[in-house]
Amino acid sequence: MVRNIAVEKLNELPLNRQKLELAERKCIGHPDSLADGIAESISQALSRAYLDECGAVLHHNTDQGEIVAGESLPKFGGGCVTRPMYVLLTGRATKTFDGVTIPTDAIALEAARNYLSNTLEFLDMNKDVIVDCRMGTGSSDLRDVFRACEKKHLPYANDTSFGVGHAPFSDLENVILAVSNHLDEVYRPKNKVIGTDIKIMGLRQEEEMNLTLCVPMVDRFCADMNDYKEAVTRVGEEVQKVASGITDRRVTVDINTGDNYEKKDAIFLTVTGTSAEMGDDGSVGRGNRANGLITPHRPMSMEATSGKNPINHIGKIYNLLSTELAQQCAQELDGIEDLYIRLLSQIGRPIDQPLVAGAQFVAAKGADEAAISRGIEEIIDAGLADITSITERVIRGEMKTF
Amino acid sequence: MVRNIAVEKLNELPLNRQKLELAERKCIGHPDSLADGIAESISQALSRAYLDECGAVLHHNTDQGEIVAGESLPKFGGGCVTRPMYVLLTGRATKTFDGVTIPTDAIALEAARNYLSNTLEFLDMNKDVIVDCRMGTGSSDLRDVFRACEKKHLPYANDTSFGVGHAPFSDLENVILAVSNHLDEVYRPKNKVIGTDIKIMGLRQEEEMNLTLCVPMVDRFCADMNDYKEAVTRVGEEVQKVASGITDRRVTVDINTGDNYEKKDAIFLTVTGTSAEMGDDGSVGRGNRANGLITPHRPMSMEATSGKNPINHIGKIYNLLSTELAQQCAQELDGIEDLYIRLLSQIGRPIDQPLVAGAQFVAAKGADEAAISRGIEEIIDAGLADITSITERVIRGEMKTF
Amino acid sequence: MVRNIAVEKLNELPLNRQKLELAERKCIGHPDSLADGIAESISQALSRAYLDECGAVLHHNTDQGEIVAGESLPKFGGGCVTRPMYVLLTGRATKTFDGVTIPTDAIALEAARNYLSNTLEFLDMNKDVIVDCRMGTGSSDLRDVFRACEKKHLPYANDTSFGVGHAPFSDLENVILAVSNHLDEVYRPKNKVIGTDIKIMGLRQEEEMNLTLCVPMVDRFCADMNDYKEAVTRVGEEVQKVASGITDRRVTVDINTGDNYEKKDAIFLTVTGTSAEMGDDGSVGRGNRANGLITPHRPMSMEATSGKNPINHIGKIYNLLSTELAQQCAQELDGIEDLYIRLLSQIGRPIDQPLVAGAQFVAAKGADEAAISRGIEEIIDAGLADITSITERVIRGEMKTF
Amino acid sequence: MVRNIAVEKLNELPLNRQKLELAERKCIGHPDSLADGIAESISQALSRAYLDECGAVLHHNTDQGEIVAGESLPKFGGGCVTRPMYVLLTGRATKTFDGVTIPTDAIALEAARNYLSNTLEFLDMNKDVIVDCRMGTGSSDLRDVFRACEKKHLPYANDTSFGVGHAPFSDLENVILAVSNHLDEVYRPKNKVIGTDIKIMGLRQEEEMNLTLCVPMVDRFCADMNDYKEAVTRVGEEVQKVASGITDRRVTVDINTGDNYEKKDAIFLTVTGTSAEMGDDGSVGRGNRANGLITPHRPMSMEATSGKNPINHIGKIYNLLSTELAQQCAQELDGIEDLYIRLLSQIGRPIDQPLVAGAQFVAAKGADEAAISRGIEEIIDAGLADITSITERVIRGEMKTF
């Protein structure tokens, strides 16, 4: 069956050259990111258990869940969490299949606790957090849709929904992602003082970029206010350095602009490195999109990508696939300045047959637009044909969802 | 202080004339909309109580919360909810101020229960739903920022965040909103069989529009499968009629395409008119944007608008204001085909002084672009000067947030 | 099969004539009594639903549950509950049987909310209380035991457990029960100021009786401290009058001895008439025994009577039966001054065949001990033969369990 | 001030020589005992934290709490918990004092998790249990009563309540306690197959004693039904041996009489050694009394001993003290066959001044009753004078409460 793919050329200025651009990233320890990470780790754990026990991934959706902030008393040298964070696991999962009972609640609980333990080094799992579970079982008609796929056909879309992706990244987007990666992978291992709940807000006005970061400091590594100030200064310099290595534009960096050094409790000092310890709740799907960014100048999908089942949940699969296909097009085809891919499902259709796959691109001056158009269509078509590879890589934990 | 307002003209095809457009609305009884509505009703109730007791709206944020689906056994003629839905209220609110204790938990509980009772006519509040509450108190530094505003200055932004709005609505957007309003305000009062948890997915390909609706039917009004089928047919015809009255484009309508009439439980039959009764969880901020739509071809903000305090929470105020300003510009200024307004705050700045207010417009052929540009700047400037009117109207319940 | 009934005469002074005696009653609004009442109302509602839907009472036990106190701000003229009470329903119940699904969670929720609403007139069900539910399904072997009874045999005991009852009541016990009934049925209807969470502690030293009562006053009926003091004085006089009508012994009465009139918050003023609003948790089975009393000079069973299924749960049936049989003996047989009946089951035996039924009596001087002994044995034997009448009356709500 | 101590001689047959006697013990892993143990460990942890941080034990009561059973799939060789147990911590504790914040929720959570981890070797703390916390702060008047004690006076009784103790133990009581200790301390360390949730029900009819034990077997140590049967047989022989070493009476032993070897799921096989994994809820104060037993032939207090604060909570202190004083009397004074000590407080009186301390004893033939009477009075008086030693030993964890 021929796929309904519509490619369109846009006559507009690529975002990277427009006057104003905003973008944001909530790093790994942000409450919304924690919620996403927990949701996705549960889905992966369930998928593996289903494969082990039943030979197939059964219906589940854990793309919900709430982190209710605790209360803490950070202090120089080391404070404590006074009221534990509360994490509620919800969603639903198939609990019995063909006479086999899968301990879905226990699997979810373990996955969530392990994820938190791995992500928040300074969270005491025995006293700083309560992980609760109220998972249910799915509605029967959705499960029916899903069972169809066990007959070796492709799964049918669980819903009428869509995914969106774009490429290439703008300067600002690249800078934000690079700073985030650098802080997580290079800087923090040597500077444990910076917590994981970093928020990076990027603003570009013409050729000037400003990065405003909220960086929680871990109190046990700050003996006093001087330590805190030094940590703020040093991370600011590091961010400046990383950013300047990515872009030629002028970059200014602000760290913790809300701080007031006159008042001890008006700085971003934390016990565990996340504001979930003392005031900020988190939810699945409220933070980064599947590409790791929040981009108010770009089309985005509201669908949570994390926690949805990777078999037939379009809100997940099409977000991941459209993002990947856009990046592939931008890499393989010459002359793409901006590209948006949207995949729209209709409930009950095979997942490789979206109701429509739409692409819009902005071509560089002089680019072969017909070739680009053709190339995009071919890449989308091939990507849809191979759509189950998304499922497999998700289960193996190889795809980032936030 | 002069405001930093940047207006830019875009050379692009307005969305309404592009080849492909998607848009969506989750109506009032969708689990995500329920979560939004509860969150907003709590914030309003708290604001009023604070005003009554303390003469000022105190710090609170109830822009979180989770609806965990129950289980139900719909059947022709009337079934029952077998496991109650579970609603968790979270967020935080100031509980004592100047010696006065405000019963925030009790206020939140009552507001949430009243909202559910008013919104879901067929939900038995005594047995079909559990409303639980785990609200906390805010982190102290955020409260500090807020207290500043009591000294008769404008409040300071609580965060570095942004809001986005657009206008005018495209054909497709207008159709979706009109259908939603018609079903809620005209059709359902006379046809109680249609539940409130309607999802409208709109797709426009060139001059063809398709509306795919999921419409839950309330079981007590369906004696048998024929009744159900007739209800589906009739609502489809009604949608067709409404849509055709709004647009000249050709419209096709699909209702409940996932239904399978061979299998009794593969239709969208419900006890209460919402899928929250049997399988679909909901979260604040996961559904419609402040303008009532999800528009993957438009810039959107990920910030939840519902439930945030209307005093200094930028994620709320700037989304509402930018939406309103865009609409005002589109109405008052000639020749705007597309307009995007983005307001970016910086934590600690007065809320009428965004770090940057950016506008991008697509002008109609022959329009006076300089006049448009000037007009937009003036409207934005005046809107920011009068920003506290947003707060007031939110508290009075006059602004839709989802 | 002959029943194993062992009757024994005790050579001891009946309690009523011993030097010292303590007894206590937690009235209807005490948190522990509320927990008992909720548990029992759920069991009754489930039993009726099972009978309606399945023609038999299915396995359930709801003899657990917890009331977590809220927080309140009582004040003269009327205060408010600031943090709702939290009621957790637990236990387990059979949810599906022979293809029928029984909405056990919804039934439990409704029964609990109705019970609270009926018992606590001043509790606002919409904002002063959260009723949550975490009921499960039973362990399979217990269910097996129960299914046996559907084959028209008598049910088999669910456990190895016992029940205890005594009669006649001592002077002190009679006084406490009379005071409790009078306050609930006669005095409160005309004096709404007294709350339902009354605790009556009785002490008899030889011929002197002291009653110490904690009586919560409902704040909306106390305009000021004078009203409060008057309410205390008047209820004290009433108790004195009722008690003196029951016993010839000298009675002194103390009301709210912990009050300190110098400090406004050191009196027993409440919003709703129960301390569950502000500090006292409650649990099933922690308060009164099946006869409505706590009697530390008498043998007692630790088994909760409320909430257990009335079909085969020995902890309930044998407590109710032994109490009733003891009272019947004391009424019908001359010369019994004290009588204790204990029924011990063994798991798996028919409930009319206890492992042993033991009775111990203290005879009045000159009584025909052989006749008493024979009479007791006959009454016990007949009572066991008719044991299912207990079940029936429990389901019809005709037996008090606390 | 002279204490009100009333000693009375009873002319009755000591229980040990009456015809019929029942007694019971719920061992350490029984759900009610788990709830008791958790409650007490929290109180101890809070007491120590208060002493460290504030120099005094502040008001708290954690004598509530609920264990909601999970679901499990035990199988020979090792099964799994499919739905985690849910433990709700409630009660209340002072959270701030003199400017110091005590992390009471975090302390409670840690104490509970540690207790479970130490008590249930085969419970996976990461996936088999959810520990939740809804602790509040106390009602203000109770706190007032307590603060009085910081002024170096003795604390005042928090309530009008009583404690009861008896000594010496009967043959049956001694046998039950000995069997329990032997299984916990000697047999299980070498025979991990027996779980901790053992219930021992003892029945003595004249000179015949029957012990009925429910002994959960841990599935990973039973390869098949033969292993299970052997484990049952062996523990039965061990109990027989221990019991026969304690009493000269004839002892019969029944283990798991509810088992049905024909049906795989009708045996007492467990994953973790406690029925809390699959069907039996537990509550504080529903199980053993302070002496470790449930004795329906003896006077008992309904007050939970575990979890109450050891400073001024009479329900705890008087139960512990009366039990200890009775044992001391029975050891030090010749000729006591049965002794009951009851201590009754009145709210607001110093804890060393009960409203009345009553003792009743049964003397051996020929004993010097006057000397016994005098001795009891002296021992009670001295015990009350030294009452704070109870507090200290409770905090140090030296006193068993269940």
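Order as written gives the chain letters A, B, C and D; numbering starts at 1 within each chain.
One rule holds in what follows: contacts are C-beta pairs under 8 Å (C-beta built on N, C-alpha and C of every residue); 3 or more make two chains touch, one makes a residue touch a chain.
Going by UniProt, the chains are A, B, C, D = Methionine adenosyltransferase.
All figures in this text were calculated on a predicted structure; none of them were measured in a lab.
> Could you name all chains that are in contact with subunit B and with subunit C at the same time?
none
> Need the most distant chain from subunit A, centre defined as the mean of C-alpha atoms.
Relative to subunit A, the chain with the farthest C-alpha centre is C.
> Nearest whole angstrom, what separates the Cα centre of subunit A from the Cα centre of subunit D?
From the centre of subunit A to the centre of subunit D is 50 Å.
> Distance from the CA centroid of subunit A to that of subunit B, rounded to the nearest Å?
23
> Mind checking the centre-to-centre distance between subunit A and subunit C? Centres are C-alpha means, answer in whole Å.
55
> Tell me, which residues of subunit B touch at least two other chains?
83, 86
> Once bound in the complex, which stretches of subunit D touch subunit C?
Touch list, subunit D to subunit C: 6, 8, 10-13, 18-20, 22, 24, 64-66, 68-71, 83, 86, 88, 90-92, 134, 136-142, 144-145, 160-162, 164, 199, 201, 203, 205, 212, 214, 254, 257-258, 260, 263, 265-268, 275, 278-287, 289, 294, 296-302, 304, 342, 344, 346-348, 355-356, 358, 360.
> Quick check: in the complex, which residue numbers of subunit A touch subunit D?
It comes out as residues 73, 80-84, 86, 95, 101-107, 109-110, 113-114, 124, 126-128, 130-133.
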